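You will see subunit A twice below: alongside subunit B first, and alongside subunit C after that.
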Partner chain A sequence: MNKRNRISMAVSALLITGLLSACNAGGSNTTAQTIAPAQSSATEGGSSEAATSLDTQVSMAETADNSTPVTLRFMWWGGDSRHEATLSAIDTYTAAHPNVTIEAEYQAMDGYQQKLMTQISGGNQADIIQLDYVWFPDLARQGDLFLDLKAQSNIDLSGYSESFLADYCSINGTLISLPMGTNGFGLIMNKAFFEKHSLDPSQTFTWDSLIETAEKVNAEDSGDYLMSIESSSLTGMIFEPYILSNYGYYWLTDDSSAVRLTEEQLTETFTYMQKLFSTPGIQPLGEASLFASQMEQNPIWANNQLGFTIDWSGTLGKYSSVIGEDNLVVGKPPVSEGGQELIPTKPSMVISVSQLTSAPEVATDFINWMLTDNQAVEILGTQRSVPTNTNALAHLQEIGAVSEPMSQMVQQSMDQPAPAPPALAANSEVSEIVSNLLEEVAYKSVTPSDAAQQFIESVNSKIQELQS
Partner chain B sequence: MRLSAAKKRSRMGYIYILPWLLGLLIFQLYPLIASFAYSFTEYRVTGSPKFIGLSNYLTILKNDDLFWQSLAVTFKYVLMAVPLKIIFALFVAIILSQKLRGINWYRTAYYIPSIFGGSVAVSILWRFLFMEDGLVNRILAQLNIPSVPWLSSPHVALLTLVFLSVWQFGSSMVLFLAALKQVPEDLYEAARIDGASRRHIFWHITLPMISPILSFNVLMQMINGFQDFTGSFVITGGGPLHSTYMIALKLYNDAFAHFKMGYASALSWILFLIIFLITAVFFKFTSAAVYYEDGGNRK
Partner chain C sequence: MTKPHTRHTGRMLLTHLFMITFGLIMLYPLIWMVFSAFKPNDELFSSIALLPKRPVWDSFKAGWRGTGQFTYTTFFKNTFLLVLPTVFFTVCSSSIVAYGFSRFDFRFKRPLLMLVIGTLLLPGSVLVIPRYLLFNRLGWLNTYLPFIVPAMFACNSFFIYMMIQFFRGIPKALDEAATLDGCNTFQVYLLVLMPICKPALFSAMIFQFIWTWNDFFGPLLYINSVKLYPISLALRMSLDSTMAANWNQVLAMSVLSLLPGTILFFTSQRYFVDGVSAGAIKG
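This part shows the complex of A and B:
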């Protein structure tokens, strides 16, 4: 073999090794990260499970406070400010527990569920995982993915409402997550806009006065819109609130077995929606839909030409960052004349511990610390809406860390909470059917009565398919 | 054991191609086979796949209205985007093949959209340009032309995505440029001496001489067109009223919004089959029209 040959051999060998190690990274990562880094302790060499069981034996009370090194992965989604706060909370925790390393895996919401699902199917999910409760029906198919938190001695459940935990944090009666924050629901309004049109932001609109006011606003300035809702929000922001306020329940039966509304009720609802979206002072749906889940980027919001949108309190930050905190006020969602006022609420996000974790005691100690310890509560603030834990919330309010609009929005939801939505209402296939139909209704490409008939037929048949 | 020189040589050869071979096996062949196998299963990512025979294929063809809708949208898109893009690319290439001052600068400038045209950032830019109050409508307003609902009307939105695709004409243009340079100057000279007009020269010399590249460009653009995703995903999300709901977006939604991997795999094989058939038909009908100097592979 001549010299040149040998060099190219070496180069290709290098390439192969590179390739192989790259392929392997996914697999080796999990073991490397979940097993404690090599140390000269007695448990070294054994699996980390051995290390934890030793933990448990040595000091049940102070699990997290011992010298066996533990590495945990914590995955969440959010924006920059949430990332910074969470990272700083992790630093604080690990400073107090030098044997614990927490590897942060964070990203934006986009693609998070996809990543999580693929990780779960590969068995390499993080130890501590932030979740949206609407994914539970999908996750439930999987059997026991997460620790039963009621069985964990580290978790203090005293600060949570029992019904909230049962409605939003459990699968089949097992508590698999804890709420990180409570989301309130309602109007997010632009004060300057309301002043310009001499409207009172503290009024509660009825569905009819909403249309009248929109017409008035648009007559005063044709570039102004009272409300903007994009098509993927039609279900949660218009359809469900309208039904709740008129009938006091959801469009599905509580056990998710069928459509609860009658054809007449649906026809009436769809007729209203068509009227609403052909009102001049409501931004045309096609325009609004360019800003799906980023309504704050809608230029009319930044230019004070939009009165309000309807959203969850967890999104307040992004709306106020565009128009300024002083320019933002919140209010209750529209009600029906003489109907009941039920305002939706939900956990902003929940947190779970993977069944596969190598150190359940440490992981549960960490999440309990994040949600209840005053120092942690101060660091995390309202980055995940206001804390659901009442003690944590009281502490934040005491130190004045909860903004007025955020407080108000959560309070109005807690005062008149709507019942928890039926499980299948959040199923991606069912909600796609609903959302497609509502879009067709709003664009008037189907008559309300045809849509009502289709609604009942297609939702019921999808439910049967899913439950078979 | 001593290996013969020939054996040694071939072993060396395998080692050299091993990096590529591994990449092919792991990242292309395995997913290809796996998706074929999954297409006969119900596979919800978090569970294990359950064999259900042809049921995915049957559901797609019989019960999935959105499949037919997305297929229609995709065909409309390809039929509009490909010819427009090819004509535009050829037109620009002919201009840029002239001897002009600073011609290299122009060539680079026209190629740039192709480099970042498929990116998310450009799609977002496109959205802001074409919205109700966007730059395009403002320019139209200056010219006293009423504003067009570029992205918000179900009748127009697909056309706006076609523009985005046509704007990325650069790679076709570069190939045309190279082909135009290859046309022997003496053919043009002879034609001019015989008194042929410019139009005659284009139709009877230029076009036949570049026909291999022309057919290659049409084919590649067609295949890309069927798989186009970014524009409809980022700009319109498939809306309004599914008027821009391309089949690649439907595939993505089934796989990553509903997590129906088996179903999405079946859908991707149907898409593959469609592209395969169209390519075969394309070859059959164009082979007679394409001119190869060496006679092509026709015997």
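This part shows the complex of A and C:
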């Protein structure tokens, strides 16, 4: 008995040392990571030394331009049509630059961020990486990962709006990415449904008329719903637009230091949300949530029993593939009575070049070519929503390659753009708290005033935790 | 005389009816998948009926072609290159390790066995980052080595455990008889125990085959180049949440990707069922 005890103690000791060493390995690695960016930022800093090293890089690249073979990895996410267009763009570029090979690493959105984060922690990421700007706060904590694109001589920044680059493509003032497309925001409507209920699809709903119309629609046919929103998009599709249109600002202060809304404002918002989701004619949240980020698969959408959903313009293709392009119209998101209309906009996706790339000159030349060259712009079309680069957009419109709903949706956002959301609004931990609380509100498991109190307390304490 | 007989057939009929209906309900999603491979997108989401109203016939052909850069010929080939060595080495290595644990006495046998069982209890997600960093240092990323090499060294403790239980059920007298007849220890393993172990080997083989074939997260982390993608990644390649997908093509390829596992299972089902229960009795 005694012997057995001793042995099992030995085993548990072994296991514990194993665990500890695993932790150590992790620990030493993170320190290695934090050191590496620090070194690179030291060499890249604004000193004259950095400038000369950049100059030599440039001249080296120029002399070696067409002879040295260069292999770059380019990683993006998307569906089949985007894959095909991007592959074809790569082929065109490499045909003109025979010394360059671009290895395409493409997949769907699912698992992309996890894969990227794992690669970054192993220092194994691609040279050219497509990103979503909402990951920036998380990425920034991993150190200095991407090239400062303002310091690159072969990037033409003339086609982008200065504020768009600053708001959506930079970390701490450093331009680390370029926007590949602009996403507009609004209603995606089923024309047949609007005709059936003799509604005007060009009207802009107010938050109150939304509820009235939904009731009317449901009274005419109890199987019909005016709107369907699933619970994971409550923050972006209902909560933020409602606050923006009522108050003209976001729920966080601009410097992300605290919740900006008062308890009364939040209570009012939550009361509206509870009223909205108990309206007959708005699809019950429980049913709608079966279609999280795949609302087009909702049978009522396919059967013309759903009036609209709210989404970004980049997703238009999937909605029209189910109900047909002729059957789809777009419109502005709901406004508040007499309020100011501000429509959110954002880059559909951005593109960055890794610090670790062996050929920064070629990589930056390639992304610049993709976003500005007429031939590339034609090949890529609106696969990443409409191009943000104004020259590229003008060229696409000239050749008639932008569909009517897409250009309308982006235009309405650009005409009355909402300010960029505060940085921490997109933080994964903060948005998790908000999203959970909004679900509780919409499912009525908490009263609006309790929720408002909880909202302010838990978001503020999470922010303090993140900033300490 | 006839009365009890009819009652018996009546009950049999009822049992069969119940089993058939229940089986159909369980199988419906699979059957739906096969039929949906012939439906256009709008029909796919608007009804749960089996038969398409406007059938699409080219989904298998177009789906096989994929995005154009690589066809499913590449992806199937990749999957076999990944799965077959992994399965082969898993079966060899875990049976040898299990042989050692069940037939020999050596120093630290108990603690080592407990370690093996300990790793069985370790949740896989804990290992993701350390393993990734390790394979990265070794330069094995974007190859199939992260799957094959661990298989060579019996890193899947579940199979070791299962085999040990199986070996324990085989009388040691057989080994002794073989030794008397002049077998060395390896010959005992290969010529005497392996043939008896067939059920356990087959169940390990089928399990590992299906797990590796269906594994999504492993290849997602370790494989970067599309030219090396196995089917599990290839199928997800076109299913983006923001873009339209040709569902019929994806479903058509899913149907094809089910075939190897299904064929393997049905051809070796006899051994498989034996193996699972044989390991279980001697707990």
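In this section, the second predicted complex is superposed on the first by the 403 of 468 C-alpha atoms of A that agree within 3 Å, B and C clash if a C-alpha of one lies under 4 Å from a C-alpha of the other, contacts with A are read in each partner's own complex, and residues count from 1 in each chain.
As a working rule, a residue touches a chain if its C-beta (ideal position, glycine included) is under 8 Å from a C-beta of that chain, and two chains touch if they have at least 3 such contacts.
Keep in mind it's a predicted model, so treat the numbers as computed, not measured.
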Contacts of A:Ile120 with subunit B and subunit C, given as first, second, both or neither: first
Considering only the touch criterion stated at the top, classify A:Pro299 as touching first (subunit B), second (subunit C), both, or neither. both
Touching A:Gly184 in the superposition: subunit B (first), subunit C (second), both, neither? neither
Could you look at A:Pro333 and tell me whether it touches subunit B, subunit C, both or neither (first, second, both, neither)? neither
Per the contact definition in the header, classify A:Asp110: touching subunit B only (first), subunit C only (second), both, or neither. second
Quick one: is A:Pro417 in contact with subunit B, with subunit C, with both, or with neither? Answer first, second, both or neither. neither
Output check: A:Ser289 vs subunit B and subunit C. Expected answer is one of first, second, both, neither. What do you get? first
Given the touch rule stated above, what does A:Asp80 touch, subunit B (first), subunit C (second), both, or neither? second
On the A-aligned overlay, A:Glu440 touches which partner chain: subunit B = first, subunit C = second, or both, or neither? first
Is subunit A touched at more residues by subunit B or by subunit C? C
Note: overlapping subunit A surface for subunit B and subunit C spans 8, 15, 114, 118, 121, 299
If you look only at subunit B, which of its residues touch subunit A in the complex? 12, 15-16, 18-19, 22-23, 26, 44-47, 127, 131-133, 149, 151-154, 157, 235-237, 239-242, 253, 256-259
If we count contacts the way the header does, which residues on subunit A are in touch with subunit B in the complex? 5, 8-9, 12-13, 15-16, 19-20, 23, 114, 117-118, 120-121, 138-139, 141-142, 231-232, 284-287, 289-290, 292, 299-300, 428-429, 432, 436, 439-440, 443, 445
Enumerate the contact residues on subunit C facing subunit A in the complex. 41-42, 45-47, 66-69, 110-111, 114-115, 118, 128-130, 132-133, 136, 141, 216-217, 220-221, 224-226, 233, 236-246
Show me the residue ranges of subunit A that touch subunit C in the complex, using the header's touch definition. 7-8, 10-11, 14-15, 22, 25-26, 29, 73, 75, 77-84, 87, 103-111, 114-115, 118-119, 121-124, 126, 293-294, 296-299, 301-303, 312, 314-315, 317-318, 320-324
